[in-house]
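Reviewing the structure listed below.
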Amino acid sequence: MADGPHVTIWNEYRHEKSDENVAEIYPQGIHGTLDAMLKEAGFEVRTATLDEPEHGLPEEVLDTTDVLLWWGHVAHDEVSEETVDKVHERVLGGMGLIVLHSGHFSRIFKRLMGTTCDLKWRLDDTERLWVVAPGHPIAEGLGEYIELGEEMYGEPFDVPQPDELVFVSHFGGGEVFRSGLCYRRGRGRVFYFRPGHEENPSYHNPDVQLVIRNAVRWAAPTPGAAPVYGHYEPID
Amino acid sequence: MADGPHVTIWNEYRHEKSDENVAEIYPQGIHGTLDAMLKEAGFEVRTATLDEPEHGLPEEVLDTTDVLLWWGHVAHDEVSEETVDKVHERVLGGMGLIVLHSGHFSRIFKRLMGTTCDLKWRLDDTERLWVVAPGHPIAEGLGEYIELGEEMYGEPFDVPQPDELVFVSHFGGGEVFRSGLCYRRGRGRVFYFRPGHEENPSYHNPDVQLVIRNAVRWAAPTPGAAPVYGHYEPID
Amino acid sequence: MADGPHVTIWNEYRHEKSDENVAEIYPQGIHGTLDAMLKEAGFEVRTATLDEPEHGLPEEVLDTTDVLLWWGHVAHDEVSEETVDKVHERVLGGMGLIVLHSGHFSRIFKRLMGTTCDLKWRLDDTERLWVVAPGHPIAEGLGEYIELGEEMYGEPFDVPQPDELVFVSHFGGGEVFRSGLCYRRGRGRVFYFRPGHEENPSYHNPDVQLVIRNAVRWAAPTPGAAPVYGHYEPID
Amino acid sequence: MADGPHVTIWNEYRHEKSDENVAEIYPQGIHGTLDAMLKEAGFEVRTATLDEPEHGLPEEVLDTTDVLLWWGHVAHDEVSEETVDKVHERVLGGMGLIVLHSGHFSRIFKRLMGTTCDLKWRLDDTERLWVVAPGHPIAEGLGEYIELGEEMYGEPFDVPQPDELVFVSHFGGGEVFRSGLCYRRGRGRVFYFRPGHEENPSYHNPDVQLVIRNAVRWAAPTPGAAPVYGHYEPID
């Protein structure tokens, strides 16, 4: 394996095939845009989509994935229980997971959070993501905030309190949202990053791309020693 | 409803019926001992067990439960998906949940945590639960520690980092364990409390009883305003 | 002592004496408005101000205070080291502390946080405080948000990550701020609540008053057993 | 500057000069042992001690320090206010700080924590540090636990709840202690690591050394953009 983390980008890949406007923004799919950007940054990257066999995530792919990105929206329920089980197990074992935008309602994110992950929403707003943790590695290299034309997501966001909060968003319509959240689950790291509505070109934005590259490095496994569970003889 | 929180104690209630030693310690079941103790403290209390219809937790019981206690061990898999769904929804809506001892592997606790909840274990040890958060309401009225003859549970405990850590246990065999953990999930509060192996009389211990009474008060709902989710018109 | 927590309201009380506009909003001082509101809610309340002997906080007052409110702005440096020491010691021993608005730069808050507590600011904006923890007791009884004409405070707010985050504010000028923060320090609880610029009538707002009453109840001491420190004989 | 973080090791360096037993364990001082170990690992390292001018920490040293280690015990009060101020400012600006053993009572650690940092203690015990966060980078490469002959430190440890808890210690005399604690303060990272009583050879232990090397990497600055504070013009 190369030096940096091996990345797999999972994309539902439906809007891009059915909606001309989306296809214009992401002609190779959302995963295609992310793939090109991460490769250019020197990462080893693969993509996987819902309609491939095993949703593009057979054992051999997961076995060699350090960080998995996840974008889904209209077809969360088509992701098989088996795939959710496998990804869940991998994350708890150390694989990083970056959940993007509407992936907040994905089966894998809800499984990891244990809550509804519900929120408010509205199309066609303006978002300003403020850095609230300026020393966090995921904010490295940013200015004070990122500005986007985006869908609005509003609080309350029904997730557990994050281990670290990196971004808080301001929306033109009057709402706020915790938009960059770090979690440790098992030996794996999970980062939820809000932007990325399919009708907005957010994944072409250089600062959004920078955050995702930073997050990939942050989420890379540091597995340590395998934990020991089960029956255990006394030491003393 | 009375002033204090309405409590429902859920118990698997199998060991007490099949194992003489356990029956001797808990002649009315673990739930019976907890029921008597909580009633004596003035709480309104009901019990429910696995083998009752709907596991003793029909809608009308859950609708009038403020705090649910959960003890299970050998039959976690016999708890129906429907019951887990209902309890999960109630906790996220504000109902308190106190998970006891081997309930760490219950379906509802694993659902809320999103992790394996795995750990080490060994029968017949000595446990000393140290208070590490002396100002926490769940520790109110205790001394420095509680001493018990107990089963050992050892780290790592594969759960999310708790919102608050109240107790850490020392075991004679050489292990440690985070043994009192507070979580907020949705609008509900969850407390995991380690002691309570069925072959040890821990639920007769006055300090263990005090912790459970304190935890019932801590976990009682403070539902606030109902959160608003879904499509939302701009304010500004 | 009465049933509820005994409250002492500390106010710098300078603007109200030197600025007509402020005096019109708070004819009895900010402390006077808070005093009346808390008394009406049934709390036992006293006030203390900077220019009284010992800043109005002699031992006998602190000895009988369960929760201390703190408003200061232009004269943080006039608060004596001795008073900061005493209040600090009391908070670590269990006394609740509610720090209001420009109190973010008070010596006691900086002492407890260990950071600069710095932020952005601008007069004459509109603030909308969103509830992000709808099940938190400090949010009890509120709607989705509170709207105020207020001074703007903007992120980053240089404080430790809070133990619990209750409110996030949206400002008309485009900024956000974590505006309701819970901390446990020693055996005491600390709540920082953002609104309250002296030129705005925020402490007359019923929802702001409700939050402060809720916070008083939340911050009331639950001292548990006194912790034991120092040389210690082995138990085993 | 080289690739890795530049490390400065600060040591009180008194016991080694006044106590033969300590001098035998650390003939070049505690700082000398740490210096050799970190240099061997490829870090650029300097040392500084209490009795040097400006305690060995003039501006030019702090300006080129990425991570500062701190060991002190009997002479905390001899560290000047000016030095504490400068180190404090540097940590909030991004410099990593690793506080070792009896440094829990150092002025800089108490300043950063805002609490008493008090605890129990007793000489001549056995410590077993259990990894409770097996996926944490500071635990990378360890087994399940580290065993040492050491001074006992016992709970409660009067510090704020850590952002991440990595180790919990078991002591032969019956106590427990949170012995590896991660904090973010300002843009800097702080790690408290318990072992290192001067009469025990803990800093010669390979696992203790591994933890310190891991911690140096973890604590290295990721300063991001400089935060903007003060008066701020509206954006919208």
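Think of it as A, B, C and D in the order they're written, each chain with its own count starting at 1.
The rule is short, and it goes like this: a residue touches a chain if its C-beta (ideal position, glycine included) is under 8 Å from a C-beta of that chain, and two chains touch if they have at least 3 such contacts.
Since we're looking at a predicted model, the values are computed, not measured.
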### Summary
Copy-to-copy rotation (subunit A on subunit D, CA atoms, range 0 to 180, rounded to a multiple of 5 degrees) logged as 180
### Query
Would the interface of subunit A with subunit C count as same or different, where same needs over half of all numbers used to appear in both copies?
same
### Message
Comparing the two chain pairs, does B-C have more C-beta contacts than C-D, or is it the other way round?
### Response
C-D
#### Entry: Approximate Å spacing (C-alpha centroids) for the pair subunit B, subunit C
34
#### Entry: Where subunit A and subunit C are represented by their mean Cα positions, the distance between them in whole Å
37
### Task
Mind pulling the residue numbers of subunit C that touch at least two other chains?
128, 131, 133-134, 154, 156, 161, 163-164, 172, 174-175, 184, 186, 227-228, 235-236
### Touching residues on subunit C, where the partner in the complex is subunit B
94, 128, 131, 133-137, 139-144, 163-164, 172, 184, 186-189, 221-228, 235-236
### Query
Mind pulling up the subunit C residues that touch subunit D in the complex?
92, 111-116, 118-122, 125, 152, 154, 156, 158, 160-161, 163, 172-175, 183-186, 227-236
### Query
Which subunit D residues qualify as touching subunit B in the complex?
128, 130-134, 154-157, 161, 164-165, 168-171, 174-176, 178
